[in-house]
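Submitted below is the structure of interest, expressed as structure tokens.
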Amino acid sequence: QGFPGIGRAATPAEVKAWDIDVRPDLQGLPGGSGSVARGQQVWEGKCASCHGVFGESNEVFNPLVGGTTADDIRTGRVANLQRPDYPGRTTLMKLSTVSTLWDYINRAMPWNQPKSLSVEEVYAVTAYMLNLGGIVADDFVLSDANMAQVQQRLPNRNGMTTAHALWPGRDLPGVAGAPDVKAAACMRNCAVEPRVASILPDFARNAHGNLADQNRPVGPQRGAVTATAAAT
Amino acid sequence: QGFPGIGRAATPAEVKAWDIDVRPDLQGLPGGSGSVARGQQVWEGKCASCHGVFGESNEVFNPLVGGTTADDIRTGRVANLQRPDYPGRTTLMKLSTVSTLWDYINRAMPWNQPKSLSVEEVYAVTAYMLNLGGIVADDFVLSDANMAQVQQRLPNRNGMTTAHALWPGRDLPGVAGAPDVKAAACMRNCAVEPRVASILPDFARNAHGNLADQNRPVGPQRGAVTATAAAT
Amino acid sequence: ASGLAAAGAAAQPQGDPNILELPEHTRGLGQPVVTDGYGKPSQYERNVQRRQSPGLTQTRQASVSFAPLQSLFGIVTPSGLHFERHHQGWWDVDPGKHRLMVNGLVKTPKVFTMDDLMRLPSVSRFHFIECGANTGMEWGNVAVPTCQYTHGMLSCSEFTGVPLITVLQMAGADLKKGRFLLAEGADGSSMTRTIPMALIESGEVLLAYGQNGEMLRPENGYPLRLVVPGVQGVSWVKYLRRVEVGDQPWASKDEAIHYVDLMPDGRHRQYTSIQECKSVVTTPSGGQVLLDKGFYSINGLAWSGRGKVAKVDVSVDGGRNWRSARLQDPVMSKCLTRFSLDWVWDGKPAIIQSRATDDTGYVQPTQRQLRGVRGTRSIYHNNAIQSWLVQESGEVKNVQLA
Amino acid sequence: ASGLAAAGAAAQPQGDPNILELPEHTRGLGQPVVTDGYGKPSQYERNVQRRQSPGLTQTRQASVSFAPLQSLFGIVTPSGLHFERHHQGWWDVDPGKHRLMVNGLVKTPKVFTMDDLMRLPSVSRFHFIECGANTGMEWGNVAVPTCQYTHGMLSCSEFTGVPLITVLQMAGADLKKGRFLLAEGADGSSMTRTIPMALIESGEVLLAYGQNGEMLRPENGYPLRLVVPGVQGVSWVKYLRRVEVGDQPWASKDEAIHYVDLMPDGRHRQYTSIQECKSVVTTPSGGQVLLDKGFYSINGLAWSGRGKVAKVDVSVDGGRNWRSARLQDPVMSKCLTRFSLDWVWDGKPAIIQSRATDDTGYVQPTQRQLRGVRGTRSIYHNNAIQSWLVQESGEVKNVQLA
């Protein structure tokens, strides 16, 4: 040991207290189960106030449920994600690993009382959310034994790719070496047409407050007075 | 002009308002005069409360006057500066250029009302301080005409040297290229005797307060508890 | 262009009253030392604040505040103005009670106190941190007015801490099988992110407790956060309580539901982490007004998650012609680089852009180029060239070009 | 050595209650973004403050506060902890009314507003500032207990501003005759100091308005101060209102009565300006207590007013044997450099020292060597090697060796 006197072994109880993560291969998933029905109770008691009775609320966050179809469950690709005009993306539209949902509820929800749920409650409320998305039936009981099967029904389970150059390692399938955008540094008479295509509309001029108050009152520039709308 | 639109010419009145410095060659010294007697009035009215009636007070600052002799006035070197045991150094002991005194009083004194003195008052109070040091007679009238002569009586006028390597230019007499201390970076069995020759006495242990409160309560070290004296 | 410019001129023939009449501070006694044992900015700097973007988030604990880039100099972000991003609010954690656990594919799971960690050999390095969602509001069109909102989820600090690899070695980590590491925070969200072992092995990933000479600020993870140079901020786990070595990635909530980039084919890119080469002109920039025609220094920031900035070009005609800007040294890896270029504004409309190239040869793309590959729904990793339109009035507007 | 070390051990067989019982912040919702538009340090950092040395000065407006070097990391000094030195108090000057005048040996005397100056091309550079009187209390013997008081008139920042030579050229300065420049402040003391033109011509001297990314702090000269790299702090004139080009030095109060170094022959050295190569170990240092035997990283700072630090050696046996420390890059000219060295403390008394060498080959001297040339009454420019005695109790004391 190069550093005498520094650090100590963790006890098994300590590791147990903190090692709560659940991986996609379900490593870390504690044994237990919970029904959709029990989940509905938990949801209505501890979640619905923020996320809405059907997980549809966008009052404190994006809707959790919606946008997925029975067909998606079959293909494992959420079709709406391919429609550029589809408004918003729910949690269930994006979710590709069921472990993620379980783990996140277990570690972080309810938002104002994270880590207050029992293992059974986490199973149950996860089951309820999956049920809201039509992924499991009304009488389903989610457990460590059937999580892997449920994974096979996630609407977007085939929706992810790691074939890109933004991972600073080499151990992911398809990780690319070369960036996907290749620009050149043209210096003279470059082939662009410098025409303004997008600019804030005048009515939004003070949407971010009076910009004069967001700049130093000395220096090469001042902040634009946007306290009143209009005027340029 | 490489920077269009930036800066403008100063007006003569502006330069006059701010260009107040007086150099050793008396460039910048405004015409005028003031007597020792008038200086005593100014001193007692505006200076003595801080510096003492005879410039001897160390209540708000070091004594301004004292430690110089008639012999120093002759030699231009303050003898007490050569005595390692002489306690403290007054302003007049160190002063080698009379312009410095005039300029400083003019720009900075009285401390709580700088730049409130008239030119005449500055001459007068400067004369008074010089008189306290026995440099000018009781009936002396200091003026722009005789400042150069007074310079020739300053007790420490020959007390300065620029023969050192700590000036980052080359235009001072005697300025040295090589530093005065030449150490070597011995690495092994160096000829030193690591014996402690000076350490704070125990009774001074809490002279700087409780050091425990002056260090972060976390990290490789703590601050020593020095709230109560004694104990090691 | 603006009446303010007159301030520079002598207002009366004699001269400027601010010179002729000596100000109070030239004629009085000022304030004593240590009025503040920990000082604060001038009262005249009160406009320089971090700010929320109205309507961006529904709550203020799962939200973001933006650094006022338009008012900053050099590369160091004052810690008081560092951008914030919380998922379940920030805490001021007692460092005496904070612990770091190391477990997973290790010989001996370990626990470290802050005392322990601060005794280990440390390094200090300047790095930028950028949220993966920075400039995310601008994928489709102009959405916000100033560079505080377009680019302000960006900050840069001198971080001090222990290379993560040191404690992994102390625990006897299996670096052959353990090619992934989970970092986990101690806050309510207990933020989890997967970090590749290759980056950790390089020694670049730090267990940081210091930021700009002092401890981390509570909003930024006091007393311990992970520093993952070049990688988006969400991986710089705050209030870090645990790291686990494993043989596969974790697909945590913020790498499976968020911080995934939607591509035109409807697939999400997962584990996108690197912040690619990017730059922005900070003065003049959106929401500002030039005081007058004449000389200006165009100033801005450039950075790359892959290494050093090699070159920054600036255009004032919307990208038709470019000049190379001066880069302020030291140019450091995965750190902000300040650039500047002389410009004389003739009072006519101008479109200012900057374009950075990093030392891998990667050139910052135009919005059109980026959209060509990624569409407009990625949310994350928008590193396109920013355009600022200087209008004849002197007012500068955020614009996007055709 | 200390009961505190036990905090690291599992207090009960099951483990540490700080782990077993999840803390409040792991089970609750934290604070929202922008609780502070300009943030502040953790409540647990309240001991980290700048401080006066009791009895050092008779007034608090002509006084100094010291930076807490023993608690700082890296090289950047947080602006809130920057040391202070005032002669007639500090002011928060209105930047809209502040002016800079250039006069003397120039074709056209000029006036600049802050708007003007901030439009000119700027640079950003990391530099240390050290008061010429730093460590001045220690010329004769040990006088103060901690490195905050021995070395704390030292800070380091990223300064942003305009090279002074730029405005001299704009005014048409006569650089042939004008080999000296007077810098003058706008405060009550209207501090004046002479700067050599050679240094200004090098481009190093700056009209600085920026410090660590934001504007200067009021205590440090807001809105404009001179930055004179390598030179003692008193020349870095604060609230700078005027520069005058001249053909001889000014012998101002602080270069004729103070900031003159008394030599053994009774002469004062005048215009001593350069801060020679120096270093100090900041942890462990005086007034601290080591928690336990075992591994420590000896950390410290080195700097030179003549250029870059080339090497730092560390001794733990009072100077008999030395090992070369690691230097943290980037090593910059006239800037602090952080060094560190591994050390296993065996619990026996040890005397820790550091010794820096700069790239001119100058080696930091021992106190004995320095006194041999300069005696003990210089007050200024004490760059001697500092000794810290680690006692068996773990307590560290400021000592001077025979």
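So that you can tell them apart, the chains are marked A, B, C and D in the order they are listed, and the count of residues begins at 1 in each.
By our rule, a residue touches a chain if its C-beta (ideal position, glycine included) is under 8 Å from a C-beta of that chain, and two chains touch if they have at least 3 such contacts.
Small disclaimer: the values here were computed from a predicted structure and weren't measured.
Common partners of chain B and chain C, by the touch rule above, are D. Chain A and chain C have Cα centroids lying 22 Å from one another. Chain C and chain D have Cα centroids separated by 27 Å.
If you average the CA atoms of chain A and of chain D, the two centres end up 46 Å from each other. Multi-chain contact residues of chain B (touching two or more other chains): 2-3, 5-8, 10, 14, 18, 111, 114-115, 216-220.
Of all residues in chain D, those touching 2 or more other chains are 4-5, 8, 10, 16, 19, 26-29, 44-45, 48-49, 51, 59, 61, 71, 88, 95-96, 101, 111-112, 115-116, 119-120, 188, 190, 215, 223, 241, 291, 294-297, listed in ascending order. Contact topology of the protein chains: irregular, matching none of line, ring, star or complete. Remark: the chains found to touch one another pair up as A-C, A-D, B-C, B-D, C-D.
Taken in their complex, chain A has these residues touching chain C: 1-3, 5-10, 14-15, 18-21, 23-25, 27, 58-61, 77-79, 81-84, 89, 91, 94-97, 99-100, 103-104, 107-108, 111, 114-115, 156, 159-172, 179-190, 192-200, 204-205, 207-209, 211, 213-224, 226, 232.
Contact residues on chain D toward chain B in their complex (touch as defined above): 2, 4, 44-45, 47-49, 51, 53-54, 58-59, 61-62, 68, 70-71, 87-88, 101-103, 108-112, 116, 119-120, 141-146, 148-149, 167, 170, 179-180, 182, 184, 188-190, 192, 196-199, 230-231, 241-242, 244, 246, 248-253, 256-257, 260-274, 276, 283-284, 287-291, 296-297, 305, 311, 313, 317-323, 351, 355, 357, 362-366, 369-370, 372-377, 381, 389, 391, 393, 395-402.
For chain C in complex with chain D, the touching residues are 4-5, 7-8, 10, 16, 18-19, 23, 25-45, 48-52, 59-61, 63-65, 71-82, 84-86, 88-99, 101, 111-113, 115-116, 119-124, 158-160, 186-188, 190, 209-210, 212-215, 217-219, 222-223, 239, 241, 291, 294-297, 299, 326, 328, 330, 332, 338, 340, 342. Only residues 8-10, 13-16, 19-20, 22, 26-29, 95-96, 114-115, 118-119, 215, 223, 292-295, 344 of chain C touch chain B when the two sit together in their complex.
For chain B in complex with chain C, the residues that touch the partner chain are 2-8, 10-11, 13-14, 17-18, 111-116, 216-220.
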